[in-house]
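Two complexes follow with chain A in common, the first pairing it with chain B and the second with chain C.
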Partner chain A sequence: MSELVQYLITGVGGGCAFALVGSGLVAIYRVTRVVNFAQGGFAVIAALTASTLLASGLPHGLAEGLAVAVGALTGLLVGLVAIGKPGTPPGAALIVTLGLGVFAYAVEVLVWGDQPRSFPGVPGAVEVFGARFQAHYLLIIGATLAVFAGMGLLFTRTDVGRALSACASNPYAAKVVGISVTRMGLVSFAIGGALGGLAGVLVTPIQLVTFDYDVTLIVGGLVRPALTLAGGLLLGVAQALVAGYGNAAYQMEVALVLMLAVMIWQAARKPIAQEEPA
Partner chain B sequence: MIEVEDLTVRYGAAVALDGVSLTVGAGEMVALIGPNGAGKSTLVNTLSGILRPVSGRVTIGGRLAQVPEGRQMFPDLTVDDNLRLGGWRIRNRDTGPIYEVLPDLVKLRRRRAGLLSGGQQQMVAVGRALMSRPDVLAVDELSLGLAPLVVADLVRHLRELNSERGLAVLLIEQNARIALDLCTRAYVLEAGRIATSGPSAELAASPEVAAAYLGVAA
Partner chain C sequence: MRSRVVRWAPGVVVAAGTLALPPLLESGHLSVYILLGLAAMVTIGLSLLMGYAGQVSLGQASFYAIGGYTAGLLSVHSFPPVLGLLAAPVAAALFALLVGVPLLRLRGHHLAFATLATQLILLSLVGQADWAGGAIGLQGIPRLSVGGYEFAEDISYAYLTWAAVALTLVVAHNVVASRSGRGLRALATSETAAAASGVPVGGYRLAVFALSAAFAGLAGGIYAFYLGYIAPGSFPVLLSIEYVVMAVVGGLGTLWGALVGATAIVLLIQVLNTVGTQPGMPSYAPSVLSYAVYGLLLVVVVLFLPHGIVPAMQRRMTQTLTVGKR
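Up next, the complex of A and B:
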């Protein structure tokens, strides 16, 4: 029992990071219809930035906050290159993000070297139902819930959020009322960068950022933030259970099998994330 | 209020508007009629700055708001949020006056716009355009797909806005009968060119217009 609780909590913690990166992808895709292949890079750049800032003596909190801001700025820059020119088709922008993702990888190696880096998270351990786990997991889970609640408020209670939703559901009507769809696309890239960056700084103390994040967005069908959260958590828990009761080496296979299962299930129901006619 | 001079708009090689000129005076109601594909919506989208002309001049005195073809709701947002976004350009968030002008919307304000009937959506589209406090309203296909009674109600609202608030209206319509009935002057757009123009009564009496657009045998 205590093992199961431990796997569930560490799984949810890991799943939160997937959910954050995935919701960043969804935020960008909803507004721009661009699948952002540079999304994983936001997490890595923010995590590496945080490690450097912490090593240079900045206190916890400030260092992570600045790193998330760097993630947002990176997102904005990727957005500027990918969709900055009005009328860029989403397919072309997707290729641009793919190129920028590879470019970011080169920059990371150049600046930080190719050795993995880490930094300490919340110290200490917590015991729940006899299961012991790092206290940092509670920060990850709490921060993710707060961010998703904040995003919900942003999209339903603020003008910028409504404008983002407007661009997502009807870009032509958004133009008619004077909303700059390109500018909102850039805002969504900055949000995506911040969410990816947050995932990076939250997860680095407990595990390395890997590249199997795409499952969450497929589970969420690319446009449903709540499903993205569920998809991220499902992946995290499934991986933790397999690693706990089976073999940790199979985590990647878990992600791939889950992705395949969801794709088959979705294909049986309806086409995935069908484009709306313009 | 609106002055269009010798306007040419192209989609790639295809010419959508070819040397179009028209005017709408302050407080005037002018109709633009013509068949599908004549370039009517292209003209509206050029007036509102969504499309760029190849040549020609568009001068708009005051603020223009567009009621776009197909109503173009933000379907996931509530009626109130749809209206609020209409005021985006001038940072106007006060939807109260819109509910005074269009009281039918009051009971719908919390409903998602995607769930409304066509007539209700058209009402929201008009309200959303009014949120930018326009001097001239370009209404693209007011009657399309709507029942005659619903259209009559919308027409009554437009008439009131025109007579009580001095709002100028450019009404783009396939339904020439409605357009000529509501507006004092009209232009007939065919294949990207103004085929004819004049007072509505004269156009309605012209055998060619009557035959082509009013379903009267020439």
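Up next, the complex of A and C:
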């Protein structure tokens, strides 16, 4: 029982990171129709920035905040390249972000070397129902809930959020009422970068920053907001359970197969809804 | 008449050049030449898939791997090597059909993610399969022999490879020129319109997926015999991305574009390797350089040369020709 609780909590913690990266992807996708293959790179860059800032003596909190800002800036830059040139179709922008993701990897290795890094998170351990786990997991879960609530407020209660939603549902009509669709697209890229960066900063203390963010890339299968949180959490828990009860070597396969299953199931449910370029 | 000469001349020149080159190259360059031919075969298939069927595959190296492992495993277990070579494209195509049925329900970026995921799963399964050599790889693959003739020298592999390239070009050209090819082009433009005009959308997409996999599988088979050793590490995700870069740079949906793109990228990789292995460079320099250049190249070509090198050159040429006539 206590084992199960422990796996569940560590799984939810890991799943929160998936959900954060995924929600950044969703924000970008809904506004610009671009699937951002560089999303995993935001997390890595922010995490590495945080490790450097902390090592140079900045206090906790400030360093992480700055790192998230760097993530947002990176997102903005990627957005500028991907959608800044007028008339770039989303399909081409997808390949552009793929190129930028590959390029970002080169920059990361150039700046930070090719050794994995980490930094300490919230110290101490917590015991719930006889299960011990690092207190840092609570921070991850709490931060994710706060971010998702904040995103909900942003999209429904603020002008920027409403403009973003308008671009998402009908770019033409948004243009007609005077919203700059490109600028909103860039805003969404910055938000996506910040969310990806947050995920990277939060998760690094419990697992090393590796450059292998292939799995988070796969989260891209979930481009519907409601599914992102649920899917991310499910992914994290399934991974933790497999690692705990089965063979840790199969952790990645489980995540990938799960993602494939969800994507195919989604496609099977609405087979005809294909978007033709206008 | 003149237009026919103009159309066929480049093909004849290229064919003559490929045949004349191998004896002139030294051994290091010859191996680059062979790998270039193999990459061109995969890229031709991918260009067909991306340009005509409108499907992005980020897992093309997995079919290359399947071909290599099929040929390698069969010949290691003392089947005749030529059987292994023939089985390689068949196995890759069968695998594509198998995964294609569920995956091709997905479109655009979903398919790209899914093919990438398939490759990651395949690589890690192969890495844990002891019967396939596991992570260490499959060693001691014999040289290819047909009848009594053994392909012992690099130069024989060069001719074999480029014969296979010619075969893929002919097959791909005939597919494109056929009635089904027209259906495919319609499919790439608008799936709904093609389906409404009676093009069997699902079947055609699956067929092109399998065909592109067969090309990659054949290339993988030759690769296995040529090197005599394959491992999961021989088929990284970067290789799949590399094929996408080659296809995009050369020009999607043009068969010559695949050839030009593969040549450009392979030569570029050689230059980068030379630069990256200079004394004084850190050990990760070659990989960092190639990642950076792939990334930049992909971005620049997609943004500023969206149809690729070959279509851009063709347009330039027809422009000068028509201007000259006036």
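Observations
Here is the rule we use: the second predicted complex is superposed on the first by the 255 of 278 C-alpha atoms of A that agree within 3 Å, B and C clash if a C-alpha of one lies under 4 Å from a C-alpha of the other, contacts with A are read in each partner's own complex, and residues count from 1 in each chain.
As a convention for this text, a residue touches a chain if its C-beta (ideal position, glycine included) is under 8 Å from a C-beta of that chain, and two chains touch if they have at least 3 such contacts.
Just so you know, these numbers come straight off a predicted model, no measurement behind them.
Within the superposed three-chain model, A:176 lies in touch with chain B and out of touch with chain C [touch as defined at top]. Of the two partner chains placed by superposition, only chain C is touched by A:253; chain B is not. Of the two partner chains placed by superposition, only chain C is touched by A:85; chain B is not. Of the two partner chains placed by the overlay, only chain C lies in contact with A:99; chain B stays clear of it. Touch criterion met: A:163 reaches chain B, while chain C stays clear of it.
Set against each other, chain B and chain C touch different numbers of residues in chain A, with C touching more.
The interface of chain A with chain B does not overlap its interface with chain C at any residue. Listed in rising order, the residues of chain C touching chain A in the complex are 56, 102-103, 105-110, 112-114, 116-118, 120-121, 124-125, 128, 190-192, 237-238, 241, 244, 248, 284, 287-289, 291-292, 294-299, 302-303, 306. Within the complex formed with chain C, the chain A residues making contact are 35, 81, 85, 88, 91-92, 94-96, 98-107, 109-110, 113-114, 214, 217-218, 220-221, 249, 252-253, 256-257, 259-260, 263-264, 267-268, 271, 274, 276. Per the touch definition, chain A reaches chain B in the complex via residues 159, 162-163, 165-166, 169-170, 172-179. The residues of chain B lying in touch with chain A in their complex are 48, 50, 66, 68, 72-77, 81, 84-86, 88-89, 93, 128, 132.
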